[in-house]
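Pasting the structures here.
Next, two complexes with subunit A in common: one pairs it with subunit B, the other with subunit C.
Let's look at the complex of A and B:
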């Protein structure tokens, strides 16, 4: 049987924690959609458990997290760990928001593949995900 | 193939991550998906499939959250398939139905899956049905399929549900707009949501009259002035069990008003289908149609993927564009070539 050429990359965009600012998350979600991805947006005020559960149910390739409240050191790694516990250590977890430089390094050490700060062009995120998906192959 | 065996085993064990993987396999038409569906087939047919369609902004997702809550109070497991359109330009999709179903996320008796319509080849109906088959085999007792109902492709989806509800809202304006879209003919149940808003009563009445006209009796749905109220039960004429007359219900999804009645109407419709023999008939019909869809898909694959269809077309494209040959001639050649091809 001939394999279909490719399939859309599935991305969950979630906002863990309590801040109510989702403009950035929505802009990123729209940019990813425009790049041909299937984006599941789960809305505000999600617990890491909710995000991980939704990511498993939706069988996504990528989880993109956004936090502007400063709780990233707790919540980002928690999502990562829950995904791994569910047997989905293959999911790419990336993040964005107001994140100090020293935290970025620590988060990357905890399995958050890449962090995008304020001012990032959305195209940069698209390219990052696309090249990750290509390098992963299938 | 090993992958498929693992998936089948995982589904039998009730493992959600495996279910999610299996659905992707089916959705993407990956190697082994037909084998998976074939193996699961004996387990399919136990769930009650409910299709919920209607114009965007009608409150379908909110309504579904409430519906599932009622089912869960009754200890019934539910899967939700929420279909949203794929952009024909980018091929991407923004799937936001989960936002309204927040409270269901952590319930292990609920599974929610967002699907993009993708369907460049009208494949949506086939894949949605197949995804529902996987969920059915997994053991969910209710499967709710949510689609934005504005065109014909949604009707096809409705065709794979046992019960189809059309959700309307007062602000969709002129009721006739909705009525003429063709969706009116497929619903087993009509729901006027946001019924606390102005115009709801009039919409209910318009729908009832429209249904009456369709059935050749304009006053059938208008209750008598005196005596017991008869509207909304779904079974207005006790002696006539062979025919279902679609009830027109009202709800305010945000407050949960009318949702229990909706669940009861779904159950009543299912009971009607079972007792009248209609369920058996619909499912036989559905299986036949589905088999034809699978054949169509296989044939299309045979021509365009495995066969020389694409090459023949590319070769003749110049002649076609310059008007020397017609599309019909080329199509004929492609099919003839397929028939000649050795096994």
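Let's look at the complex of A and C:
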């Protein structure tokens, strides 16, 4: 387990928007917890404001967002911007869901560091976050 | 009787022989299966009690004496996107190509009871279904489609009664005789709390509105299915086939009990209850699930609830192939998955079927992809011969043994639910949600440990995949809807709107049947959110138990 300032990596898993598909978000949340991270799950139907506020209050290192409704182009960048406005541009924002390839490119341009599509092994997400945390520690 | 000794001999030879495949021999639901089924597995088999002929209690072999000899299953592709105009065009496209029923997919704001111009709708309008914010949108959606003649299924739950009222009011505007309307609203709120999560009100008032629908529709729209009790979303959220079967039937019993508690005659409303199953990859397990479901429902309706009309005992259902089984990797492979799943649905005796499109893990389907999915059903129906013979797998040692096993496993789950004081308690304590989550986790572990192979995902991968053309929905529908709603708010009679909403609140407070007042709201062009909000003031909102 990689730590910064002697604490486990803290992750907020959020479901922005109105879709109720939480299977993936909860499976990922459980995998990150099993990998030794501290995980907070927001529950469903969150606004970007609710997610950004929770991320700041909980002082997380990473925000993982999941959307399967098609609203990712609006809601993912909004969370990213709200975090930056709150002085937390250091927080890693990643996402997943039903996201077409061209949207992935556009989201990466808007500061969503990485998008994980259907069929991603949860271990891949664990490794991505862990290596990000390691490089940040250097 | 079969000679048991001969199976012992086979068993010995089987055990001795080398087996080169190091995999788990389990169903899609991780239930172990034997390498061979024999007459020994059907020891107490009684044809009349367990199967009976098609159209006869307990309907294991199908609900009609003729099944697909009488008429094929309804080919009903779930669709909707953008504005009502966009989707109206898609419906006409599908009807012209031989689709036989409509199935309305609405966007997430509509599913949650928000208007397209509500702040919570931002970014979501028309994205994953069509936006319906008032009667005006419903009128546009069915423009040029005779509502008295088509049968329409609407996937809507939290605000189901509201969309139903828009539909009835739109049919009135077309001059239709509403007593002839045919179709279904999903209206299954219990599985929303368990799995799909598009809820609005707390459990008890939500159930009350559903019983209001049973009561009103029995009298005014007698051919309308008031509910589609759905396993689909429970399965998609991670449940096993047995959990899907048991939780869905338990929800069905809960609705029946609420109807009876209202003082309704079970034989008046039970014939309009319908069901909806997921069809996943495990061919025989899915077929057995559907056969077991019919038998369980019939037995409980007759023996436990005392229904006397055969129509009350019959489980009619729709099927959809499993969206969750589709892969974003090598999406053309999905065509093959869907074809097998569709075949299982037909062999399971479904009344209607949606076949998924190959590109649905990437976006809403393109017109070409939808057409291929529909053609898949037509090939099944017209070329394979499976529609010629009713319940052709009956008597298979494996299928009958699996049907019996799934029935008894479902019965064990019913006992467990009873011990926790019923479905509503189980939902409020998060029991169902946890069970589903645990199954989803187990499945994911199996895939990641390669104990379960998913072609193109963890085996037989391609590194150089070509990208598919996909459908994109722009933000134009949101802008269009905002304009249309603001024009509507200008145009309509404000005093009438206010009077109707006040009457609706009054009906809710007085615990009267809310449907007549809601229908008046629809006719007065009250919007979806206005109706939701009026009721929320009386009923409050549902709060989710959060865990993972």
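The rule is simple: the second predicted complex is superposed on the first by the 131 of 138 C-alpha atoms of A that agree within 3 Å, B and C clash if a C-alpha of one lies under 4 Å from a C-alpha of the other, contacts with A are read in each partner's own complex, and residues count from 1 in each chain.
One rule holds in what follows: a contact is a pair of C-beta atoms (placed from the backbone, for glycine too) under 8 Å apart; a residue touches a chain by one contact, two chains touch by 3 or more.
Just so you know, these numbers come straight off a predicted model, no measurement behind them.
In the superposition on chain A, A:42 contacts both subunit B and subunit C.
By the touch criterion stated above, A:109 is placed in contact with neither subunit B nor subunit C.
Look at A:29: by the touch rule set out above, it reaches both subunit B and subunit C. Of the two partner chains placed around the shared chain by superposition, subunit C is the only one that A:70 touches, whereas subunit B remains out of contact. Shared-chain residue A:58: touches subunit B; no touch with subunit C.
In the superposed model, A:137 lies in contact with neither subunit B nor subunit C. Looking at the shared chain after the overlay, A:101 reaches subunit C, while subunit B stays out of its contact range. Shared interface residues of subunit A (contacting subunit B in one complex, subunit C in the other): 29-30, 33, 39, 41-43. Remark: subunit A residues 13, 17-23, 25-27, 29-31, 33, 39, 41-45, 47, 68-71, 73-75, 98, 100-101, 117-119, 121-123 touch subunit C in the complex.
Against subunit A, in their complex, subunit C makes its touches with residues 107-109, 111-112, 114, 120-124, 127-128, 192, 196-198, 236-238, 324, 327-329, 361-364, 437, 440-441, 444, 447-448, 454, 457-458, 467, 470, 472-473, 544, 546-548. By the touch rule above, subunit B contacts subunit A in their complex via residues 16-17, 20-21, 23-24, 27-31, 86-87, 90-96, 98-99, 102, 105-106, 111-114, 116, 118, 301, 305-306.
If you check the complex, the residues on subunit A that touch subunit B are 1-4, 7-8, 10, 29-30, 32-43, 46, 49-50, 53-54, 56-59, 86-88.
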